[in-house]
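In the part that follows, the structures are each spelled out as structure tokens.
Both of the next two complexes hold chain A, though its partner changes from chain B to chain C.
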Partner chain A sequence: MAGISSGPATYIYACTRMRVRRSLLIPREDYLRMLNMSLPEITRFVGETNYRSEIDELGTSFSGINLVEVALSWNLAKEYQSILELVPGELKYFTASYLRRWDIQNVVTILRGKMQGVQPGKLREVLIPAGRLDKVALDRLLTEESPERVVEALKGERFYPVIERELPRAMETGSFAHLENELYKSYYARLIADVAEGIKGGNIFQKYIELEIDTRNIQNLFRLRAGHVREDVRELMIPGGSFSVEELQRLSGLEDRDEFIDALKRQVRAVPLLNALEAIRGKDAIHEIEVALTRVQLDQMERMSKRYPFSILPILVYLEEKKYEVANLRALARGKEAGLPGERLQGYLVM
Partner chain B sequence: MVDFGTAELTLEMVQASQLGMRALGAGLAVGLTGIGAGVAEMGIGSAAVGATAENRDMFGLALLLTVIPETIVIFGLVVALLLLF
Partner chain C sequence: MALRDIKPTRSELINIKRRITLSERGYNILKMKRDGLILEFFKVLQQAKDSRGALMERYTRAMEMIALAETVEGAIGVKAAAFSTADVPAISLTSKNIMGVVVPEIQASSVRKGVLDRGYGMLGTSAVIDETAEAFEDLLEAIIEAAEIETTMKRLLDEIESTKRRVNALEFKVIPELTEARDFIKMRLDEMEREELFRLKKIKARST
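Right, the complex of A and B next:
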């Protein structure tokens, strides 16, 4: 069976499906139209696209902003799980590795909720069972009473050692930020380790990981500057990208913003990123910088996926773009509910 | 002096051999182009199935694109028929 599933045909099949799905994502013009709509109009508009079945299904139990939120989460989880089922061989392995980030997000959400005594039903609404922990596993975690019991139930998971080590400190300080950082750092370290195992196509996956880590690190550096954090940032940076942690520490120490951008530009080779960094010079709002960098990352991934058309990259491009589509729709719905004007919201959308 | 019996036999052999070679050539023409078309259709076919699975409206176009490499086999068949007749 394994012999049958390998070979180029299954890769071509899976990658074509991803390309078709990507072409069905909401285009920029529709976002611009939605910026002028009210929340019920947005709900109806979303209900006419790929999210129809979720909106119909949940329409009886939820309404307004909650309906949109839960429908988006359900759709994302369903989509990711269906992709995991249709991708073949090595691609499934890499996709599953990539999707583990949702496990981290869900577990940290559950821990935070348990710490603050949130009802399991309320917590279930915000979980996105897109990773290895499915709905059943997450429901089991939700029935546990305390954060310690939740962690105990996770024994055997990849991130259990990290979470077990960091939980006492998080409970003591009441903040899960450090725990979350450590979990994501271990997630990236694990992705790099997966690539090093020598599975076919790993070198292409590595290109994505490096790009992702670089983008995250640069975004974090900008965030730290915006927050005027001048202390040791080594702990907050993700190792494994094209910048070493020491270099990032040196970059974060630069006082002048222009000098910082110049120093970054000297280290970067990709032309689109150089252009984006130049454009960032004129921007002050941190969300605009983040959106610009995310856009560059997505464009860069798209370019790479054309160079390797039958690899993990077309799948990752779709997964990432779908993630941002859901984030955009959520931002739109939330923003409209809060009565924010369209021009203000536009700055937060990755289009 | 001349062995006519042997000469006659050789000529028949040569004719039979030529016919055999023609048949072999015709077989190769159809067989190899068939393999070529199969290899070409592998990629197109899997992409076509993928696209149709996502969007049923693609079926007609996908089918058309999938059978385009069949033209190679038709060329092979024409060459084979020319060889044989």
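Right, the complex of A and C next:
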């Protein structure tokens, strides 16, 4: 936990740096231009932006679309690590807490890979060291022989108690789904606990956490409906949002989709989310619904960051927007490679 | 069977007549079997056409979905989700009999799974992974169904071919040869009878 409270000057400095970095992100017009480019043109474009050093560095190991994708991931990881070094005091503490989700993703991938006997080299390709566990720490985990040894090596990490508790069940069933869900739930619980500790700026961070949890829960409700899951969904919902888990369970029990959307709308106050829910009514593909909700979340975050310009929010907005820049570039490259038409690709970009 | 190898005796004639009857009966039965198999084949052919169509459709959808998943989640996200697969579908083979042709019946378990049974967590993945997994489950089901139907069709075709060969052999070789042998023996026996009669008449004329 961060012990030193930093003054407003450092906050202003960090938040201003974030705004500068945000201004360097690829603008909407460039995405629209890229929609009409071929894959080599996109690769060249990416190589001429902030991603140049990664493209050059990885050029000998990867080629084509894989080069683009790995370079984007490496750049994201590097950028996140540099921001973690840049932000002061409580902001660093909140940022580090926020970035721990990448640790969960990496650790779960390593555990699954170890369980399936995947070679460390192959596993390394799918890790994104953007969290607290850097490349060296992840490499050390990769050298461990079994999932149990990986968990042993994680002793001292925040999520160790959850992994230690859930690993026997995962090993017995051969499925890490429950463990993964529990890790993410504990991640959010920990974020909320951090806020409750009374650290300066915590109330603003809490607003973001609530928004994130609500978005995730609503997205998951749509997913569960599409998967015809009618059983108890309480275990799959993240507590701590503006909806209680019981409310979410009741919503998941609604048979009719329109009735479900209406019930959701009755509980939501934010106008952009209300509009998005109304627009979702006509959509069938769940990933389109997810993209629509993600856009609303980003939009809301940006509004909040303007309301609290010298808080954790501008940093989080930048981190999220950077994540979606990487996702958009990857989507463009992958989409072009797969021959998806530009209009369709545009639907998956978060701009 | 060369005619010179045939012994023109009554017992041989009886034997050949018996073989002709047997061959004709076999020929009729095999012809009926062939016609039955052809009817069965056309039924399976329609099913095969339908299943092949469904297979192609599902293959296209699965490829589209994997491209989409790689677009949205990246190859990294898709690979990470793919590591979650813990339960490999099990395939069991039994057999059934269609007019004497043994054809396989393929049963698969754990092909179609619920969102919660696929091994990845709901909170760390997105819906496009669900839709892709579902598209591939559909494809796998279609492959298994097509494998059963197309193997049945192939076995039926092989059997029709061999039955046709047998029918043709009986119709154009065995039965005509036996008939020819029967006629030859009959002719030889008649000839021998006439010779015998003529010989007796000659002996009788000499003695009188």
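One rule holds for everything that comes next: the second predicted complex is superposed on the first by the 346 of 351 C-alpha atoms of A that agree within 3 Å, B and C clash if a C-alpha of one lies under 4 Å from a C-alpha of the other, contacts with A are read in each partner's own complex, and residues count from 1 in each chain.
To be clear about the criterion, a residue touches a chain if its C-beta (ideal position, glycine included) is under 8 Å from a C-beta of that chain, and two chains touch if they have at least 3 such contacts.
All values reported here derive from a predicted model rather than from experimental measurement.
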Partner chain in contact with A:I238 - chain B first, chain C second, else both or neither: second
Touched partner set for A:D30, first chain B, second chain C, both or neither: neither
Touched partner set for A:E152, first chain B, second chain C, both or neither: neither
Contacts of A:A331 with chain B and chain C, given as first, second, both or neither: second
First (chain B), second (chain C), both or neither touched by A:F176: second
Chain C versus chain B, contacts on chain A by residue: C
Partner chain in contact with A:E278 - chain B first, chain C second, else both or neither: neither
Partner chain(s) touched by A:A14 [first = chain B, second = chain C, both, neither]: first
Of chain B, residues touching chain A in the complex: 42-43, 45-47, 49-51, 53-55, 58
List of chain C residues in touch with chain A within their complex: 67-68, 70-72, 74-76, 79-80, 83-84, 86-87, 114-124, 126-128, 130-131
Complex contact set, residues of chain A against chain B: 8-10, 12-17, 20-21, 24
Chain C contact footprint on chain A (complex, rising order): 65-66, 69-70, 73, 104-105, 108-109, 112-113, 115-116, 118, 125-126, 128, 173-181, 183-185, 216, 219-220, 222-224, 226-229, 236, 238, 285-287, 289-290, 327, 330-331, 334-335, 338-340, 345, 348
